[in-house]
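Structures follow.
In the two complexes below, subunit A is the common chain; its partner is subunit B in one and subunit C in the other.
Up next, the complex of A and B:
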């Protein structure tokens, strides 16, 4: 059972992940979004490392390292390259403005606490009680995804969803089995590479990556 | 042994294609590799229909009758698609759109895609299944955008983003199942917690509330890859923009590989919750998909988009059949997976040939195909007949048996609604098909169709009809596979 300073650390890391999601909703500057993602990645890695240290779990320690490299360094780095290629680009006009987005986020957090009650009922321990933070990160990520128009913002939304799922996996199950975790990290990394290539190609072709102006395919 | 070879053969072929400059012989080597996959799949199926469960790679791979059946489906459609890829690549190179390097990359990605699908249906572990399904998205993105037009680019963006989000939800669902399994006393720990067999074994002890939440996320998540409404919006774009052989693979098998994942989870969820909960989810999404397909098919102007909406319809039918969940209904669902795969692959490949020889895939731009190109028009016409569920094709038998299954469990109202949607779709497709095949057009002398196109596509249709007239070669396999799902 986890307690004391280790539990404080885990709570802090989980809090940072959700705070990062809210921050991503608040900031329009695309460059700060990549820093937010890096921060989330580092927090997730720290959380995994604390769990690995308290449980004496070597596999989870490896996972912490993988998370640090992929979510903390490589993925934000790839996104930063997309942003750098287009300096001065900002999320100009989200479909929902920032104050309304923040109110919506508050609603989503409350919703997560209601839904996560089912999980805490099965195992009422201090880690499971943090599950709503992961769920709320997933929901805020969704919100970013559907209300933002820039390609980079949409990738950020996807990654927020992904980080939320990772946070839940750590809190509920102390991480999925090592091989599955490695597979998922690799998949997520590749998806970001794919999206980065697509965004770069789109800019080369259209001169922008504003998805609102891509409207050729519809019914 | 067979199971490991199934992954090694297409992967090795893909690496070979990446290493060599593309020419016709390389294309035929890919087709040969897929023929070997089909052969191994049939051998596996023969074993599995005698209830032998093969395994490989230290138990990481496992092939029961359900897996073996899916391997056969993947094998046969891969074979059709890779023969047709030769034609597509030669035409692209002749057009000057792509150099031989692009053709090599294309061949590699197609084989990697096939390997990922095989890995998905052979994975013993539901976490590994997830990794493989997500990997199919990565392998296919550049294939969707292979023609490098603006539209293809837009379609690939939509495809990868929407499917990745969907699949992230499926991962959350998988994590929740894992969480529930960790709290079953006596359940193995470590990597084998997510092994399907041990999960099914423990399913009666899983916490119902958590499994309910997990299954909703899984149906939503994998449902995105299946193309079930309301997360279908990527499908018409991706399927219409991809090169025809890729569309054939995506529509013919990738959708049903994702549905296979749902069938596996259905067994676990039904153990914990009883059949009612999954049934409700499947009925809702199945009917929604039928509604979407019925309302949007009539207005389609493009052959490939029309076929894509047709896929949404069939996935809806499959979801309804799985909702019924009787042994008969599941066997019919599996036969439908094969029949739809064959018919849809033939139609997408034929539409690729139409695009090639007519220069357009707009329905309005093509008329009197039957008079001008009798063989191609005939293939397309019979393909449509198969897809509409008319006898003698196997889709007729499977649709009938799915409806019988639905009636048996009191889903008669849903079956009635699905028949209504199918009638609307029938009328819409008939109208499009009539114009395309018979409509008044320029009079021209009938021209022949390449044998490279004719022989495999006619073969696909004949197989689809043969399974409709008599399912005996499949009977014991289908029965064994249905018993994997229905316990």
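Up next, the complex of A and C:
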């Protein structure tokens, strides 16, 4: 069973993922959001690598590499390119103001602890004990998804949800099969690529990337 | 008198060493605070390509101010004179009881989280009253702004340290530091990480650094701390400056020892205390350098966005406490 320094590393990585989710709600600057996502991706990869090293699982080690490349480097890099290409939308435009959404995030974290407490009671061990952190990341990601209007910040919400699910998967099932992880990683990567094409086209056609203004049809 | 002192020494052995350590802590914070400010100024200047004043500039300024006459504004009451004294005294008491160079300072049992945070609060309220006392527009404006920020940052400070108290099962600061020394694994726990981020934001707000306040300008629209102390001169100004520098030294020392307790002296002799002093200086200097480097690349936020910044710190602290309470 995992213990000692390895457990400390896993705890720290899980903490970084949740702290990143709250930072994503807190910061309005889209460029810093991309670096928060990169940090989360690196923390997830480190977590998977620690689990792979302690369990001697080669497949999980490969998954860690895939996570590092997609979530830690490629996706944040692509997002940063979208942000850089559009100087007009450096800041997010939240529907709910930042202090209120932070209070909501605190509520979501407490909720996830209450809900996940029932789950972790089924099999108490040091890893499942951290599962509420993953659930909280998923919930905060959904919150970002529904309260932010810019195309990039919605993608940030989606990626937060994805990172939270990945964290839950690593903690509860000690990793997913390589094929599944490859599938989801490529799926998310594809979504980000589509977003980049979409954002570029939207900017060329309408001059903005505000999804709220895409309500009606034009000729 | 000597008989009472001898009785005290006999009643609790080692009390003199502990009192000595406390006196050393106060001296370290009083001298180290201005030096830390000087270091931050030097790092900023170097990062901006300037030579900058020497690190000891703060101490030299203090010596200059101490030789000058304390001129008070017309129609001021006793509050103006008392405020700097209360500020320095509260900082000194805080420095004496907080575990800075040793985990066993004098009256260690009284060094509760709440006591230390409220000692800091007492100093800032005294300074705000002093700012209001002269009845000038700037003083009132500065005091009002300082209290607005303080009203959000003090609870965040309290809750962030509480996250560590939950982990250590004690709200006594020396106990928290001793417990984190005994459990190195705690240093990497999620609640500590969240509390550290929250505490850094609060310390930046409490000590009036960028992005909350810019200590090197006197611009009417933005100044907070400088507006409060405009009416002070001479020895009064020296006391206020020492008090503010002690506050910075105390907060940085607290962050350093709560999160990175390595090197702090335990129940050992003078050598352990000396090692603790060196370790404290090194850790506080490292944190101050990091803050100064971040300051160089950050712009001051608008006053109306400061509550947003602090709300983030507060929420991180609340999440840290929740994590600590539930995930045990």
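Things to note:
The criterion applied here is as follows: the second predicted complex is superposed on the first by the 211 of 219 C-alpha atoms of A that agree within 3 Å, B and C clash if a C-alpha of one lies under 4 Å from a C-alpha of the other, contacts with A are read in each partner's own complex, and residues count from 1 in each chain.
Rule of thumb we're sticking to: a contact is a pair of C-beta atoms (placed from the backbone, for glycine too) under 8 Å apart; a residue touches a chain by one contact, two chains touch by 3 or more.
This one's a predicted model, so the numbers in the text were calculated from it and none came from an experiment.
With subunit A as the common reference, subunit B sits beside subunit C without any clash. Comparing subunit C and subunit B on the residues of subunit A they touch gives the larger count to B.
By the touch criterion defined above, A:201 reaches subunit B but does not reach subunit C.
Applying the stated contact rule after C-alpha superposition, one finds that A:11 touches subunit C and leaves subunit B untouched.
In the superposition on chain A, contact is made by A:191 with subunit B only, not with subunit C. Once the two complexes are overlaid on the shared chain, A:172 sits against subunit B while remaining clear of subunit C.
When the two structures are aligned on the shared chain, A:113 is found in touch with subunit C, with no touch to subunit B.
Across the overlaid complexes, the C-alpha centre of subunit A sees subunit B and subunit C at an angle of 160°, to the nearest 10.
Judged by the touch definition given at the top, the superposed model places A:132 against subunit C, while subunit B stays out of reach. Judged by the touch definition given at the top, the superposed model places A:158 against subunit B, while subunit C stays out of reach.
Between subunit B and subunit C, the shortest distance over C-alpha atoms in the superposed arrangement works out to 19 Å.
Residues common to the contacts of subunit A with subunit B and with subunit C across the two structures: none.
The part of subunit A that touches subunit C in the complex is made up of residues 4-5, 7-9, 11-12, 14-16, 18-19, 22, 26, 97-99, 102-103, 105-106, 109-110, 113, 117, 129-130, 132-133, 136. Interface of subunit B with subunit A (complex): residues 125, 127-128, 130-131, 134-135, 137-138, 141-142, 145, 150-151, 153-158, 160-161, 164-165, 168-169, 171-172, 174-176, 178-180, 182-183, 190-191, 193-194, 207, 209-210, 212-213, 236-237, 240-241, 296, 299-300. Against subunit B, the residues of subunit A that register as touching in their complex are 115, 118-119, 121-123, 138, 142, 145, 151, 154-155, 158, 161-162, 165, 168-169, 172-173, 176-180, 183-184, 186-187, 190-191, 194-195, 198, 201-202, 205-206, 211, 214, 216-217, 219.
Residues 185, 187-194, 197, 307-308, 311-312, 314-316, 318-319, 322-323, 326-327 of subunit C are the ones touching subunit A in the complex.
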